[in-house]
Structures are given as C-alpha cells and as structure tokens.
C-alpha cells in the first residue's frame, strides 16, 4: 500500500499481511536461486509461514529500526530490499537485498539502492550505509562496487550456511562520499 | 518515506519519527482551525510531544490495525488521513481525516478517500468503510456525502469536546455500493 | 464469588476460573439457541476451552474497561450480561447480553439491565449506554425498547455471521433520559 | 459494584477505580490507627495515590491469584479483607484484613472471614487458609483464634516496620478442620 | 561459567543454557531419589525440557530475586542450591537444595549453605534466612539443624506431593544469630 | 557473588545490584580516563544511576546473550569485561573491556581474555570471537594483537564520540586458530 518511488518503473513497497500470497509465490518461484545464500528460504513452505515474518518486519519499521520492502518493476514483485537495523546513536544502517532470477541484469537493485541512499543521507540524516555480502556472492558484491562503496573489511566465517561458514565482505559509503560522488 | 499515490499531485505518506518537526509545524499553523474538532491538538505544544504519538501510530500499522498518514500536495503536508482501526472479522474499517485551512476547497480529502476506498475494497477486501463526523461539522460531512456514503445514524452525545458532548453522525459505504457506483 | 444484586431473585456474578464447568454446561445446553447469533459458541467444545476466555474477561475488568458476568436466578446461571468496553473519555459504554431458552419471557435481562443502568449512570457517572442488536433479532431488540432506549441508527452489514453479514441496530439512552424516565 | 454477601448487614465488595475517593477517606480517617501495623499507609496522601494500588489489586484478581475488597456494613466502608495470593498447586491461600476503629468490637472481620472460609473451602476447593499477624497485634490474632485456626509457628523478625522487625505469628485451618467444626 | 567458591573442593555455579545436558544427566541418574520429594522431576524427560526451566531460573537471577545453581565437587555436578526468592523489604530469603545420592554423607550442602549464609548476611545484608523441609525428610532437616537454625513452626499440609499433602517444617536463622554463632 | 576464575589473582565477577556503590566508585575514580572512549561515563553521576544499567546487564545474561562483569585483582574491582551479544546462529560473539588506570601495564585484560577465550570456544562452542577498538586507542588494540587476533577491517566513522566519529578497527580470532595457537 505504501511505496518509496525509485523511478517511473521501479518502486519499493512495504510488505503488509495482505501481500503474503504474492510474496510466497515470489519466494517459491525463486527458491533454488534464493536458498543458495539465504538459509531461511527453506523454512517458508506455504504463504501462512510468512505471517509471523511480516509481523516481525512491520514491528521493526514501527520501532524506527529499519524496514523490509518489496522491489517492484511496474508493480510486479521482483525482489526485496530493506534496512536490517538503524543505529541512531552512530547514525549507521545496514542494507540487505535480493532479486529474483528474471529481473537480474537490469540494474534493478543498483537503482533502488541509489535512490534509497539519497533518502537515507538527506532525509534521515544517516552518516554511514553498510552492505555485507558473502565473499563468494559476486553478483551481490557488484552492487556496492558499482555505487562507489568502499570495501572495508572481511568478517571471516561470519555466517553459517547449512553446513559451513561463509566469509562476509563489508562495504560502506559515508554521507560525505555519497554527496561528493554525484 | 513510504507513500500511497492518489494522483499526480496528491499522495498519502506514512508518518515516521523524522517527520515530527514538519508535522508539528503543520499542526501549529492550523491550531485554531484544528482544535475546534480535535481536543488532542492542545496537548501538542512542541515537536517532541509527537514522539509518543507517532510511535502509537506506527504500532497500529504494524499490528495490521490501520494507519496514520500525511496528505501531501506536491510533497507538501496539508492534512492527515488514516484508518482508526480495522475489524478484520467483520471486514470493516473507519476512516478519519483533517485538512489545513489553506488546502480546503480543492477536493483534497475527497480525492484521497476515493483512491483509498479503491484500495480498501479491492486489495484489502474490506466490506464496509465508515466515517464519523461531528453533526455540526458540515465541511467534514460533505466528504462522505460527495462520495455516495449513506448516512446511517447518529451517535447522540458521542464525543466529549472541552465542555460539552457533540452528536456524531455515522456514514458508511459497502463494497458492492462502491463498485456499482463507478 | 462477587455479585451485583438486581433484586431478591436476580443477581449478576463476575465469572472466575472456577465457574468454567458451570458456564460450559450452560452454553452446551443452549448451544443451538445461542449459536444463532453468536459465532463464538461453536468454538467452545469443552469446559477447558473457556479458560482463556475467562482470562480475557477478567483482564478487561482489571483494566477498568467493562466486565463479563453471569445472570443468575436464585443462584442458577441462566444468561450472561456485560459491558463490551468503557470509553472513559466520552463516558460511554456498550452493553451485551444473552439468555438461555428456559429463562426467557420473564423480563430477566430487562430487570438486570435496568439495575445496571442505575449503577452505570449514578455510581460510575457514565453519560451514555449503548446496545447493538442484529436487526433480525427481535427478542434482543425488545430489551432496549422496553427500557426507553432510542433507536439511533443502523450499522449496515456490521457483523459477519457464518456465511453472511447481519445489519446491526444501535440503541442508546443518555444519563439525563434515564434519570427523567423514572 | 460486585460484592460477596456475608449476612444481611455485611458484605465484601471488590475495589474498582471509582471507589478511590471513598477508600482514601476511610484510610485518611483511620490513618493513625492503621499505620501502626501497615507501613504503606503513610505513602497514600491523596485519593489519586490509590490509582496504581487498585490497578495492582484488580490485576491480582484477574490473575486468579486472590483479591482485595472492602468490608461494608450496610454499604458503608469500614475495613478491608483479601487474599494475598493463591497457591493453586498446593491449594493454599493467605488472608489479610484490617478494620477501622469505629467498627471494632462487633465481630465484623470474624463474620466476614467465616463466610469467606465457607466459600474458599466449598466453592474454590482450597485445602488450607493461613493468617499471619504481628505477634504484638492482639486484636488481629483474636480473629483466627475465635474461628478455631491453629497457631502453627512464628516467623521471627518476619516484617520490617519503620525502624524494627516484628515477629509474625502464623495461624492456619485445614478444610477438614473447618468442615468438622460446624 | 560463574561460580561462588565454597572451599577448595566445593563450588556453586549458576546454571546456563549450555549446562542442560549435564544437568539432565544428573537429574536422570538421581531420578528415583529426587522424585521422592520433588514432583517436578517426572516432568523432565529429556535435556531440552530444561530449556524453559533454566530460562526461568536466569530470569529470577536477573530480577535480583534469588538464583538457582549447581553444587559442584571438584567441578562435578552433585546437587543444586538456590534462593527461592528474596523479600528485599523485609530482608528475608528462603534457601532450597538437593543432593545426588553418591554425594551424600560428606556435609556437602552444609558446607555450601554455611558459605552462602556468610555472603547473604555480610554482602547482601539480609536479616533472615529460611529453610523449609518436608517433615518426613530427615536428611534435609539435618542441614539447618547442624548449622544452628531454629525450628520455627510447621506448615501443616503445606505441599501437595503426587497424592497427599506433606507437612512442612520451617527453620530460620537471623543475622545476629549467625554472626554470634561463629 | 558469582565469578569466573582466571588465575590465582584474577577473577571476573558478574555485576549484581549490591555492587552498585563499588562500581560507581570505580567509574568515578577513573572518570577522566574512561570517558575518553566511553560516552556513557558522563551520564553516571551517582551510584543509583547504575540501577537500570545493572538491570540491563543482568537481563542480557538471562537472555543467554552475553554478560557484563567486573575484573578483579585479589577481589578488588579494577576493570570490566563482557560479551556485547552472542549470535548463536553463527556462533559469534564480541568482547568489550576497560581497565582502570592503576591496573594498567600488568596484562590484566590479556590474561582475562585468554581464559575467557578458552571457555567460549571449549565450553560454549563458539566459532568466532570479535573485538572492536577505536582506531586511535592503541592500548586497547594491543590486547587482541598480543593474543593473535587478526585485524580484519575497519568500520569507518563507526562510532559517534561527543563531537566526531571515530574509526573502529575489527579484530577476530576463530576457534581453530585459538586451539592451534596453544
């Protein structure tokens, strides 16, 4: 119902309970693709499994601590983007995203994140936006690299994925960097 | 950050904590006008007084129980609209709204409510939308009347306002009526 | 354990956990009769199903937001009466009631409500008492009509009942009306 | 509003928020008398100080964990009686009471407790009722002694009162004893 | 991880979630022995059943309301000791303990309780330590008797155990008594 | 009351409410030294200001999400050490510490952290321990370096301190590295 407009084609819409069937279909169609990096995918076996998840997402938004939203191309759900949490004291946030297979290769996440950065730095006066990607997820890493984020470091064995630990790469961009870049 | 688009000019944006100064300015500029029907206006004496209010509004949204949003004309905050609560068992909701003095006379609320009705009946599958106005608030009553709501009844002495009770008029429109109307 | 005395024969007793078997028997004996207007009846299949219900009722009482009580004739449970909630700001409450089949036709609810009105207006200083009945439930509507409540309006399709919406009639009586009536 | 009837003259009424002025007057009139054994009396300096207290009492009642009620002679508040808590697993409760000065010497608490015992053993199926009195409070100890409670033991220095510890005497009566006594 | 040192051999260690397998083994090996006095033993049928129990214990500790800890001889878990709650207003606490069969006869609990008393009276400035034992549990009663606690009274039929009530004996020792004793 | 033993001289003791005066004295004596890196120091102006802080620390411990403890040399409080949180899914934790001025230069934190690492990897089966230091806090950085932690990256402008952002350096050591090191 409530969307953040990226451009004429692209928007980011907060998930609400009445999106659960649509969201489940998206996850289900991209299951093999998504589960590669996201262990929670296996646990969502029907639309109703998303009820408590959407509840948690909305609570985070109500707590002024981030959001979880759908990425839509001409209204169609093609991915997700959100803020994992907001550290207001240090004015830092961390962005996460995923994209369905069909929507890949069109800069969808890059465009969405670029607009989001504008809002986070201008309107919400954050100072730092962080992105963490699995070190072997090259498509995911391409997004911050394309937008001028700096590779800051590595969280060695930072994420448990099914049967092994993945190293996690941390990217960040500061407010001053984002403003100068444009 | 997240908006419901009404038309090229008009949008409805969820209030978040970082809107509190803007919202306070709007209330403060329209104080005399707004307090006539809204006793809570007097209690908001500075922007920070809106912190707990916005918190309650966002919690209602997270609880899937309505929302509170700003009405914006070309981005500028000119009023408020929201759902007081949603009775999911009986698929009913109740809409509330207010408008600053300068924006009056342009059908702003009527257009916003019309778009909102489309969404509430189509996407959220509600069956009934209700509006309650003070019986002496003719401008407010003009909105449901213009949109074909039916005057259903009177809540006699339904609202305490400063030093007296106001009678409240109830309007409603049903899904079938809204769809047939168009 | 704690009762509101109506007259020598009639009393209204707050439900507590140790009433659950007695209450279940009452519901079970009047199941066909009660389920006609009350969809929650079907969900109560054994005494233990009333544990969480009584918990919610007592919490409402503790929150100073109404009560749920048994109507007793010479100690025997024959019906229920309660306040759905209390709107202290506007000094309004809404009364609900039901009666087992055998106790019908003796003015039980009318007498109970009359005593209750005295208490609500005198001791609790409420200004307005409301009753909502399904528009086709003539026995229920007879109660407020007998006591001089005014028919204020209709909530069209206000209640979902199994497979259809029922219209709801709203009655009310104001403090001044109740006092003048006597 | 809701009372437990002791006899034609005496009743025990649950405290609700609208009793706070009446309760405060009672405490205030008996302040010197009551504070001798009850350190909380000093902290109640105006009727509004009772708001959170009554809230806690009602919550205890809603939790099926006891109650706090006024003792009334012909409707007039003359004292208090209640259950501090109920140990359902071991079917034990502990009774507390106090009486204003004017009502003393008429067996008010003894009669109230006797009726209460009937209810606690018969209707609530408790097995044991306990009373704890300061060892130097002879009037208070007379109540359980008159009703056949057994002196079970002493809690040495069990209660801090202003500037010293009081020894506490424990009395109890068992269900079988109460039933045989009559 | 965090222990209270009794002597070179004996320590008391707060239970945490990662102790659940060890604690379950201890309970399971002493099941017949422990269930004689503790009805909760039967309900713990596997290590995971201890998850919510340990959660409750830790919460009590966080609430400054007592603790539950393992008694260890040279690191090996041989029993449990804890404070059921702390009444800060009256500066009183109640100690509970149990011992596995193999560790009996070595004064383990007596030594642990003696050290604990030192801490409770010196560091936490409590005034009274209480112990309650089933009147037929002679081994348990030997502990307070050995340490100079006074037998204060009897809670007749104070505890329900499977199919009957047990009488409970109350022992206590006061700060002044403990300090003088040494 | 409950301590983790590091060596004959050094221990780590969980903070409880009755430590607040001692803890406040420590903070107050090291105020100038500590506030350099810790902005919360200024907010603690008397012992009672530590009540809610200790409450939060104990709650974290009860939630199995870390701990906050005093570092003691022969019983005397000289510093603090703790786990900021535990990410059980990825088996990672983050250690924080501070030391009073007088205790510096004796390897106190290094010894404490070394023992702690043994416990975290062996008993709690964590896989990764992380330390974050302000990039200009050379004394703090010396601790992980001495113990063989790897410098993984930089959180640029990661912490707001009074009037500027500090860069934060991240160190980590993995279970396999810790075990091989010895």
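Read from first to last, the chains carry the letters A, B, C, D, E and F; within each, the first residue is number 1.
Everything below uses one rule, namely that a contact is a pair of C-beta atoms (placed from the backbone, for glycine too) under 8 Å apart; a residue touches a chain by one contact, two chains touch by 3 or more.
Quantities reported herein were computed from a predicted structural model and do not represent experimental measurements.
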{"item": "Chain A to chain E, fewest steps along touching chains", "value": "2"}
{"item": "Chains contacting each of chain C and chain F, listed by label", "value": "none"}
{"item": "Centroid comparison with chain E (C-alpha atoms), farthest chain", "value": "B"}
{"item": "Farthest-lying chain, centroid of Cα atoms versus that of chain C", "value": "F"}
{"item": "Whole-Å gap separating chain A and chain B, where each centre is the average of the chain's CA atoms", "value": "32"}
{"item": "Interchain centroid distance [CA atoms averaged], chain B/chain E, Å", "value": "60"}
{"item": "For chain C paired with chain E, centre-to-centre distance based on mean C-alpha positions, whole Å", "value": "51"}
{"item": "Parts of chain A lying in touch with chain F, wherever the complex brings them together", "value": "89-92, 127-128, 130, 150, 152-160, 165, 170, 172, 174"}
{"item": "Parts of chain E lying in touch with chain F, wherever the complex brings them together", "value": "1-5, 12-14, 16-18, 55, 58-59, 61-64, 67, 69, 119, 123-125"}
